[in-house]
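The structures come next, written out as structure tokens.
Here come two complexes built around chain A, the first alongside chain B, the second alongside chain C.
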Partner chain A sequence: MYGYAGKILRVDLSAGKISHEPLTEELVDNYIGGRGFGAYYVYNEVPPGADPCGPDNRLVIASGPFAGVFLPSGAKTSISAKSPATGLYGDSNVGGHLAGELKYAGIDAIIVEGRTPVPSYLFIDDDRVEIRSATHLWGKGAIKTEEVLKEELGDEFQIATIGPAGENRVVFACINHDFGRQAGRCGMGAVMGSKNLKAIAVRGTQGVPVADMDGLKSVATVMFRELMQDPGLKIWQDLGLAQVTTWANSIAALPTRNFRENFYEDVNGLSGELMKETIVVGDKACFACPMATGKLCKASFRGKTVLVEGPEYETTALIGSNCALRSIEEVAFANYVCDELGLDTISAGNVVAFVMECFEKGIITKEDTGGIEAKFGSLDAFCDLAHLIARREGIGNILADGVAGASKAWGEESSRIAIHVKGLEWSGYESRGAPSMMLAYMTCDIGAHHNRAWSVTHDIAVGRDIIKGKAAKVVEFQHVRPLFDCFGVCRLQWVELGLPLEHYAKLYPVVTGMDDSWEDLLVKSERIWNLTRAFAVREREDFGRADDWPPARFYEEPVPDGPLAGFRITEDDLNTLLDEYYEARGWDENGRPKAETLIRLGLENVASELYKMGRIS
Partner chain B sequence: MRVTLRFGRALREIYDHLGESMEVRLKEGATAKEALAAANLPEGACGLLLTDDRLCKIDEEVTHGQIITVLPPVSGG
Partner chain C sequence: MGIDIDVARCTGCKLCQIVCAIANFGENNPKKAGIRIVSRLFTEARYDIVVCDQCGECIDACPSDAISMASGVVTIDPELCTNCGVCIGACPNGALFTHAEVDHPIKCILCGECERLCPRGILGPLAASDQREVAD
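Moving on, here comes the complex of A and B:
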């Protein structure tokens, strides 16, 4: 089998058992890799009703056929599980150097099940795999843990760790890697922590077989050459992802003060240009990536100076404008605090902004916050709340369940301003003026995340007040973009610099030896999308349209100021978007896949199971 | 005056009417924003502008013969 290492590593932490299983052609042919493997194993091995933080959940860490291969940025690892944030399928991906290292160690995916009785870490050195004690690491920050393991094992080991937030099962705890990259979303860190698994350390010395080395060299050379000659490359190398902030503000999409607004008056203090001028001290790249979007920054606060990778756009939007911080250095410091504690910066920014607005409205008081003056613009408040959340102390114990959990505790008024879908906090694009983007958030299979279908540019191109006809573009994106997560390759080179999709279509056969066309691959992506939806339908009898609905703020409140002042989206608009979307997907009016759709996608067993349960017709 | 706009590939994928470059005619004192409008690009379509290897502001005056590279908005993944 080309493009793959050929093995699945299964680790049963309860039994202390480690085993290898052959990677089957059937799995590869149907699910490609990465998130596809995650969806397959989570659907087939996590029993309905299982506690996301219980031993029955699976943590699936998977690369794909392009990972670790000499082509632009084959650097992505997908991490999947039943999410403690949503109770549904969840995944998140991380760049850096983990994906290739896993394959060099002969592993395409790790499936972790059970729970160790004592804190442990997984040690992988090619074929030598051990569950080792991590009692000396438990309680340590994620960055510190990586430092200690690198010192103990050697710098060539690639490390994935959790921080205190993961140990304490914060539902938006992330998994850290390479000192500054995270599988941030869906609480994968909490799943890892619930298994008492503090870290994974891996070193590999093997190669990755490819089907046609000359063909690979030919396609990859063209791709690298086109990237190096692209006029946009230098700006990426200079500014990284922070360049997005001022643009998002200019089009009125920048989350501001808990998404109440979408235009931030102090945006210049958060710009990528200012970041480069004031706090950037170096660049950092993932495996085989010429873009080097990672920016190492120095930031000081409360007499402490830290070195942090970032902030990139999402962090700047959610922690910066959404919490009304005024300087990029403040955002960078808060970024460090989250990284060390092991908190997803997107959700953390949402949660703190939610607290700040509830505090402003009098829904909560200093009595609730334990004396913290939780006002917009306060970095002190952000840092204090982050520490409480990571340790589930005081108000942090409520906030550790995300804005959905906290709004249940704080009542109806707070739930209208709890910005999430399905329990996952909204990422960096306020979408009242971007209907297709709104739909993308509503229907994203893991909750309110942008990476499956980033369609703001489509709204700008065809009209921001246009509702009808936009669902098809969202569906199209939801099939193309996740393919990259299946391949184990970064999509920035395509999305941002316009590297043609045809290159990736050519890469697939030369790497894997399989003759799938691009259209065949899109069908596989659609299969995976329907499988994660089927997981939700199987999981909850009442799962349906209401789970695809955005927070009330977005249809009850028109945009208050900025370039889109007065702009609004109505409930009728949202229903029109969903009706078109469900029809385009072959789902019923309640958002459940029809049996015929599942069968068309080769998911006969899934259709049969859901039909017998009375969940689909 | 005449200004040349060069379009990034990802932008050309969104807007069918764009080729690799386009020359637009503008009045003296026109800004980069007016140059984009002359190319039939809606507000917000452009992420960044580059000229002479530096960032060009949207409200910056442009000059005859200037070449501006127009890059699309980016998503960050």
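Moving on, here comes the complex of A and C:
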């Protein structure tokens, strides 16, 4: 098998058992890699009803065929599990250098199951695999843990860690890697922490065989040349994703004050240009990536100066404008606090903004916050709340369950402004004025995340008040974009610099030796999409349309100010979007895949299982 | 004189390592490269680039006379090399690397492949040709 290492590493932490399983052609042919492997193992191995933070959950850390190979940014590792945030299938991907290192160590994926009796880390040095004590690391920050392990083991080890938030099972705890890269979403850090697994350290020396080396060199060289000659490359190298902030504001999509607004009057204090002028000290790239969007920054607050990678756009949007912070240095400091504690910055920004609005509205008081003056714009409040959340202390114990959990505790008025879908907090695009983007958030399989379909530019192109006909575009994106997560390659080079998809279609056969067309690969992506949906349908008898519904704020409140002031989207609009979407997917009116759809995609066993349970017709 | 490097601008992408391994071993395996990118992120917010500067100190250290210099490039003759490792200890830059599948130390031979694709253009230019002639 070309493009793959050929083995799956299975680690049963309860039994202390380590084994290697052959990677099967059937798995590769049906699910490609990365997120596809995650979906396969989570569906087939996590029993319905399993506690996401219990030993039965699986943590699947999967590389893909393009990872670690000579091509632009084959740098992505997908991490999948049943999510403690949503109770459904969850995954999150991380760049850096882990994906390739796994393959150099001879494994395509790690499946972690069970729970160790004592804090441990997983040590992988080619074929030597050990579960080692991590008692000296438990309680330490995520970045500090990586630093200590790098000192102990050497820089050639690639390391993934969790912070105190993961140890304490905060449902939006992330997994940290390569100083400042995170698998942020869906609480994968909490799953890792629930297994008492503090870190994974891996080093390998083996090569990745490809089917046609000359063909690979030829396609990859063209891709690198096109990227490096692109006049747009320089701004990405200069500003990274921080350049998106002022653009998102100009199109009225920048989450502001808990998504109440989508236009931030103080955006200039958060701009990428200001960031470069004032706090950036270096650039940082993932494996084989010319864009180098990682920005190393120095930030000071409360007499402490820290070094942090970031903030990139999402962090700036959710912690910056959404909590109404006024300077990019404040955002960078908050970013550091989250990274070290092991909190996803997207969800953390949502949670703190939610607290701030509830505080403003009087839904909660200083009695609830333990004396914290939780006002919009307060970095002090952000930092204090983040520490309480990571340790589940005081109000932090409620907030550690995300905005969905907290709004259950604080009642109906707070539910209207708890910005999430399926329990996952909303990422960086306020979408009242972008119906296809709204639909993308509503239907994303992991909850309110933009990565599956980033279609806000489609709304701008065809009309921001247009509803009909937009579902098809969302479905199209939801098949193309996740393919990158299956390949183990970054999609920014395509999305932002316009590297043609044809290049990726050509890469697949030269790397793997398989003759799938791009259309064949899209069918596989659709299969994976339906499998993660099937997981939800199997998991909950009442799962359906209501789970694809956005928070009431978005259809009850028109946009209050900015370029789109007065703009609104109605419940009828949302229903039209969903009706068209379900139709396009071959799902019923309640959003459940029809048996014929599952069968068309080769998921006969899944169709049969759900049919017997009475979940589909 | 080896590769001229502007180390401060290295982003740590390691494209040079995989390009080197493909050029010299025909493999997707950055562990067979004659160049290493080392992270100094946690303390200094930068990367080190470790690569041979063709100083030639290993030549005298080699007990098998397997290392020589021609046109300013220091090379190891795999036929003569016993993989004893003395040169690795003698290298002032730590720029000779080992790999279990390769029976001699791996080093930069100034083939120029890495500088062709370095996204920052910081690897290169190679040593000027007149200097190579002087070394002859």
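Remarks
The working rule: the second predicted complex is superposed on the first by the 617 of 617 C-alpha atoms of A that agree within 3 Å, B and C clash if a C-alpha of one lies under 4 Å from a C-alpha of the other, contacts with A are read in each partner's own complex, and residues count from 1 in each chain.
We take it that contacts are C-beta pairs under 8 Å (C-beta built on N, C-alpha and C of every residue); 3 or more make two chains touch, one makes a residue touch a chain.
Quantities reported herein were computed from a predicted structural model and do not represent experimental measurements.
In the overlay built on the shared chain, the residue A:E147 is in contact with chain C alone; chain B does not reach it.
In the superposed pair of complexes, A:K276 makes contact with neither chain B nor chain C. In the superposition on chain A, A:H503 makes contact with neither chain B nor chain C. Of the two partner chains placed by the overlay, only chain B lies in contact with A:I235; chain C stays clear of it.
Contacts of A:K594 after superposition: neither chain B nor chain C is touched. After overlaying the two complexes on the shared chain, residue contacts for A:E314 are found with chain B alone; chain C is out of touch.
Touched by chain B in one complex and by chain C in the other is not one residue of chain A. The touching residues of chain C, when paired with chain A in their complex, are 8-9, 11-15, 18-19, 21-22, 25-32, 38-39, 41-42, 45-46, 99-101, 117, 119-120.
The residues of chain A lying in touch with chain C in their complex are 68-70, 97, 100, 104, 143, 146-147, 150, 155, 179, 204-210, 213, 217, 221, 224, 227-228, 237, 281-290, 292, 294, 296, 298, 307. Within the complex formed with chain B, the chain A residues making contact are 230-232, 234-235, 241, 243-244, 247, 250-251, 273, 312-314, 428, 450-451, 454, 456-458, 460-461, 490-492, 495-500. Residue ranges on chain B touching chain A, taken from their complex, read 6, 8-15, 42-45, 47-48, 50, 53, 55, 58, 69, 71-77.
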